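To start, the structure under review is shown below, and the notes come after it.
We just call them A, B, C and D in the order they show up, numbering each chain from 1.
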Amino acid sequence: MGDQNSVDEYLSAPRSYMETLSMLPSLLRPAAAQADRIASLTAYFTIAALLVLTIVIGLLIYIVVRFRARPGDAEPEQFTGNKVVEGFMIGVPTLLVIVFMYLTLDTMADVLPPDSGTQPDVVITGHRYWWEASYPGTKAIVANEIHLPVGRRLLLHINAADVIHDWWVPALGAKMDAIPGRTNHLWVTITKPGVYEGACSEFCGAQHAWMRIKVVAQPEPEFRDWVARKAQVANPVLSASAQAGAAFFSRQPCGSCHRIRGTAATGAVGPDLTHFASRRTMLAGLMENNPDNLRQWLTDPQHVKPGALMPRFIYPKDSINVLVDYLSSLK
Amino acid sequence: MITDVELPEPEKSLPGATVNSDQGLLMWISSVDHKQIGIMYLLMALFYLFVGGLLALLMRVQLLVPNNHFLAPDAYNQLFTMHGTTMIFFVLTPAILGLAVYLVPLQIGANEMAFPRLNAFSFWISLFGGLLLYFSFLAGGAPDAGWFSYAPLNQTQYSASPGIDYYCIGLLLSGIGTVATAGNLAVTIITLRTPSMQYKYMPVFVWMVFIDSFLILAAFPSLNAALAMLLIDRQLDGHFFNTDAGGSALLWQHLFWLFGHPEVYIVVLPPFGVLSEVFQVYSRKPIFGYPFVVGSGIAISLLAFGVWVHHMFATGMGHTVNSFFAVSSMLIGIPTGVKVFNWLGTMYGGSIRFTTGMLFATAFLVEFTIGGLSGISFAIVPIDWQLTDTYYVVAHLHYVFLGGSLFGLFAGLFYWFPKMSGRMYSERLGNWFFWLFVIGFNLTFFVQHILGIIGMPRRVYTYPALAGYSALNLTSSLGAFLMGLSMLVFLYLLYDALKRGKRAGDNPWDGYTFEWLTSSPPPLKNFTTLPPVYSFRPVHDLNHPEIGDYKKPDEEKYGTKDID
Amino acid sequence: MMPVMHYWTFDLASLAILLALGLLYGSMAGWRRQRGAGLYGAGLVLLALVQFSPLHTLALTCSMSAHMIGHMLLLLVVAPLLVLGLPRRPTGWSATHIDRLSAFFSTAPWIGWLMGLGTMWFWHIPGTYRASLAHGDTGIIPLCTLAGPSTDWAANLIHLVHPISLVMAGVCFAWPLLGPRPSQRMFPLTGVLYLFTACIGCSLLGMLITFAPAGSYYPYVPGQSYYAMLSVLPAGWPAEPAVDQQMAGLLMWVPGCLIYLTGAISLFIHWITDDDEAGQIAPVH
Amino acid sequence: MAQKTLIKLIVGSETIFFLALLMAFVYFSYVPTLNPRLVSRLDLTSTGLFTVLLLSSSFTFWRAEVSFRRGQTKQLRLWLIGTVVLGIVFLFGQGLEYRTLFREQLTISQGTFTTSFFTLTGFHGLHVLIGLIILSIVIYLAFLGDLDDPDSVLLPSVGIYWHFVDAVWAVVFMVVYVLPHVLADSTL
């Protein structure tokens, strides 16, 4: 359980307010080579922009103070232009534009080179309203909490299952639209282990707000370990009540939308539940993954996350309890 | 001295001349007079401004604290969609058309628009388009896919309520009205200028409206085509944008932004013209670099059609496409920057009177510069990749639409208020309104830049309690309430001015253009005689013959004299 | 200097065109140097560069973007320069022709517009486009080059017609705007519209090329290295066919449009600051 | 004067509208590969015939304008009626074509090709219909004798619109009916 511990430790360590701020999903806290490049370009741009803004405001203040109308003012001198000023007026912005054109083209080429055509490391699919990640070459399929290895250049393929979504983890660099009918790609070289927040940032419907992303970046061995475990089928030791839950799950239509590898449930509409209990949050970041929340969700999904695709099934309380026990044991 | 020339009578009598003020409301409803229609356009814009503002306040209440349950998600989604659609199509567009329809005939020395009935038709169809759009609230749900309604979310299988159908029809109707008014304005400017007014003597505002008309004529068809296709998709089961049946999600984006980006300039160019008038008159100096101001307007409008792809940098179109559009988008920064410095140059060396109109114009310079600069960050593709579709965009577009367009419109509204109503407004109330509005505006939107940078996507009905999110959103909401409050002051100001304002003379600001020659408010027939035009500020020539641009050769009128 | 810069080709046909244009100017100007001769000369130099420089070889053998740059230079830069540089006081025989042409284009400027746009579109029909390139089966650029003999009569004709037609079309396009008879020129604001609509027409073509299926416009023979040129190209050149085609389309779409736009703006600025019109200064009493 | 300018502006605006529809059609039919199966269902010959008729209505209208300028009322009416008849025949032809396609289950919801085909040709047909209505009014006025002022801009203004509608069809016909065959035949 090495990875779980290291991430948990990271999350629960005491932190000062400033450190909490540093955990914000901000483009100014890059944790990947690509994000780094963008952050420094952003810094250059901000400096230039602030400079221009200062000049404009400075001039404006000077003019406002100096040329305020005073009683008895005659008509001021009626000049209409000045070739030197006009030359500067066009020249200086043009110069700035040329500099930033160069920087833009340079950074673009670094951040997002074309798809190399090799097998992607991760395939990410946006669904309403959750993220699916599969790891080609392995059988691992996970939802919303996506683990990635640190220190190597990864190729991400980004798809959508229904409408347009957008993959955005600010600390890892560029965002990329997930568009139905086409495959986009991203390159990511994560430099620091940690947990990085992100969110869908193309409006995709009712629950666009709760389509958050958690990327857990781990050192390569831990990551390998994790993938290996996620690739296995669920084979938990079940308590009696959990066994009843499993039976209930297979009797009900759950399996037509959800998949639990190793059982008869093979649906691909909703999130894969094979290792459901190992996720820290549920419903794409909406709430902590614990039995109470799960019970609430199963009782009335449309109350917990209105607009989500999970229909409300009217089940007796007992059945929901055993279902919760079953799902909670799917580590 | 300059001698007046008789203004030729129109061949046929002015339509609507038989309706008189005794007929009350009927006089307005049946009117084909450009001034009345202009005012109705402005009132429509004001009405929808309050409606759209109310929607925004509801949204800000929902975002006051994290994980709020004040509004259900689908309600919130309808609100922001309606807010955006309303503000762009039913506030800014009618407001600029209203000002243009009111002022263009006055400024070019005409007594009417070229097609007065068409003018009335355009106004009413726009108004009904808006009402139809709002009817969707009663008909099963307002549109909920955002003001640009991306495919395939706009398809029936993802948005089953009839809201988007109403969106299509409402925008098509008002779009027809907008195109017709644009054509009308262009023809008016081409054919009805007082005989001695050459193009190069047109006031900058008229120039901007002229350019704007062509921009509208060229940009709206693309939206209309997209909306027609969307209606066919939704009503006749077509497959233009239905990705499940082979349609293209990107086709919608191309068509929409081919309209959508020029639309930004459509609603910002006439305010540029307004500001050029306001800066001149309140600084008591002619505009600095007239050819540059007008020329950069033309440049902006032509460039407008070559940059729309920058709204799509994150759709994965590849470097070749992205690079070219990055470059063309950055180029727009040049003519825009030129304008800002032209206005500074106009103020420089002047004798500036800080009326409420001038205060808005001055604040505009700062706000619009911020909006323009944050706009450039979207032309820089890698920064766009981080910041597009976040609150940074929300901040940017509000600095452009509000800080740019609306501030300009407010400046114009205060500048021309005495002309339109015949009354002076209270400068004290005007000052209150200005400061409350400006502070509220900056509180609301400046912090949203930061929210975007720290990872908050736009169009979320709620957000997790991450560090910083709560405080910044709270600030933003408080700012919004302050703006709401200031709008009440504005209402009171209008009431106060109409009720108690002292009579305005014909030319209270010592204005430069023809509208200040006629009485305040102007009579049904604007002018009977007009002086000939020898420069771009004929009334200044008339009132200040000792300065007299008319005596100068062109190179001095336009500041293009070579420096020795 | 990059080795590719050594790939200059001189062909007799282009040389003849240049010579003819030069002689034409001489005879029109009465063998005197008139105002604008510099512009005319610049046009000729640029034309020579397009026809002789490595750009030409690249364009014919491996790069669609280079081809596109050539098109744009000929149509939108060389031709307007030639028109602008025409002598203001043409001699005998040419004066009447210039007058006639000016009168013609002032009554029917749309013909100039159609010529400009039509020719541009014509050369981008995949079939005609391919015909204007080098031919893989013969292995040489089919022109009466100094480097080798011609083998294909029809191909030669196309190679002759291609640049001439572009320059001619550009001249027709520019004439209503910049013709040598200022009084016969189009009203500048109409000129802005003329250029804007042309820009839309050009953008459409650019878009089509950009988004056309990769390969529609890429008939270069892969791996065929004329004059062993491929070996001296910098790494990454020529770009992948798909990228190259996109780049060519975008060159026409964006910078192409910017040329029209620059024209429109300078037309406007010149007009507004031009003192030629009568009645601008009021009679001072 | 003003009317003609307005019509020109509206026609310019409409051009962009049709360009948008045309680009959509081109996108769905030519990218990534032409779909010859569907294009081959279109009847090039009969549509070509109707195209010739529509385009000749531009000629008849031009004759009507000439008669109008010369004050030949009778010819004016005849040429105008001729124009309307040609327009109606064209619409009839379009109706026939639609009926054939519908019988083959090629409806607007069959696929992206049909969606964009029917939208493009349908909007053009709508413009023809609007033109016919306007022309009918003009004929009515002609018979009332209201078209006797040779300086009136009514007829030239309607003419701009009618020629525009024909020009649009010429382009649509080339892109939808002719070009696919040319491309399919070429070795490309």
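For the reader, a short list of remarks on this structure follows.
Here, a residue touches a chain if its C-beta (ideal position, glycine included) is under 8 Å from a C-beta of that chain, and two chains touch if they have at least 3 such contacts.
For reference, the UniProt names are A = cytochrome-c oxidase; B = Cytochrome c oxidase subunit 1; C = Putative membrane protein.
No experiment lies behind these values; they were computed from the predicted model shown.
Applying the stated touch criterion, the connected components after subunit B is left out read A | C, D.
Averaged Cα coordinates give subunit A a centre that lies 49 Å from the centre of subunit C.
With centres defined as mean CA coordinates, subunit D is found 36 Å away from subunit B. Per-chain CA centroids place subunit B at a distance of 40 Å from subunit C.
Subunit A and subunit D have centres, each the mean of its CA atoms, that are 51 Å apart.
With touch defined as above, residues shared between interfaces to two or more other chains in subunit B number as follows: 218, 248, 290-291, 318, 327, 331, 558, 560.
For subunit D, residues touching at least two other chains, in rising order: 12, 16, 27.
Taken pairwise by the contact criterion, the protein chains fit none of the simple patterns, being neither a path, a ring, a star nor fully connected. Contacting chain pairs in the structure are A-B, B-C, B-D, C-D. By the touch criterion stated above, subunit B contacts subunit C in their complex at residues 1-2, 196, 198-200, 214, 218, 290-291, 294-295, 298-299, 302-303, 305-306, 318, 320-321, 324-325, 327-328, 331, 532, 534, 541, 548, 550-555, 558, 560.
Within the complex formed with subunit C, the subunit D residues making contact are 12, 16, 19, 23, 26-27, 30-33, 186, 188.
Looking at the complex, you find that subunit C touches subunit B at residues 189, 192-193, 196, 199-200, 203, 210, 243, 246-247, 250-251, 253-255, 257-258, 260-261, 264-265, 268-269, 271-275, 277, 279-282, 284-285.
Subunit A meets subunit B in the complex at residues 17, 20-21, 23-28, 35, 37-38, 41-42, 45, 49, 52-53, 56-57, 59-60, 63-64, 67-70, 73-86, 89-90, 92-94, 96-97, 100-101, 103-105, 107-109, 111-112, 114, 158, 162-164, 166, 168, 170, 173-177, 179-182, 184-185, 197-209, 212, 285, 306-307. For subunit B in complex with subunit D, the residues that touch the partner chain are 114-115, 179, 182-184, 186-187, 190-192, 217-218, 220-222, 224-226, 228-229, 232-233, 236-240, 245-248, 251, 255, 258.
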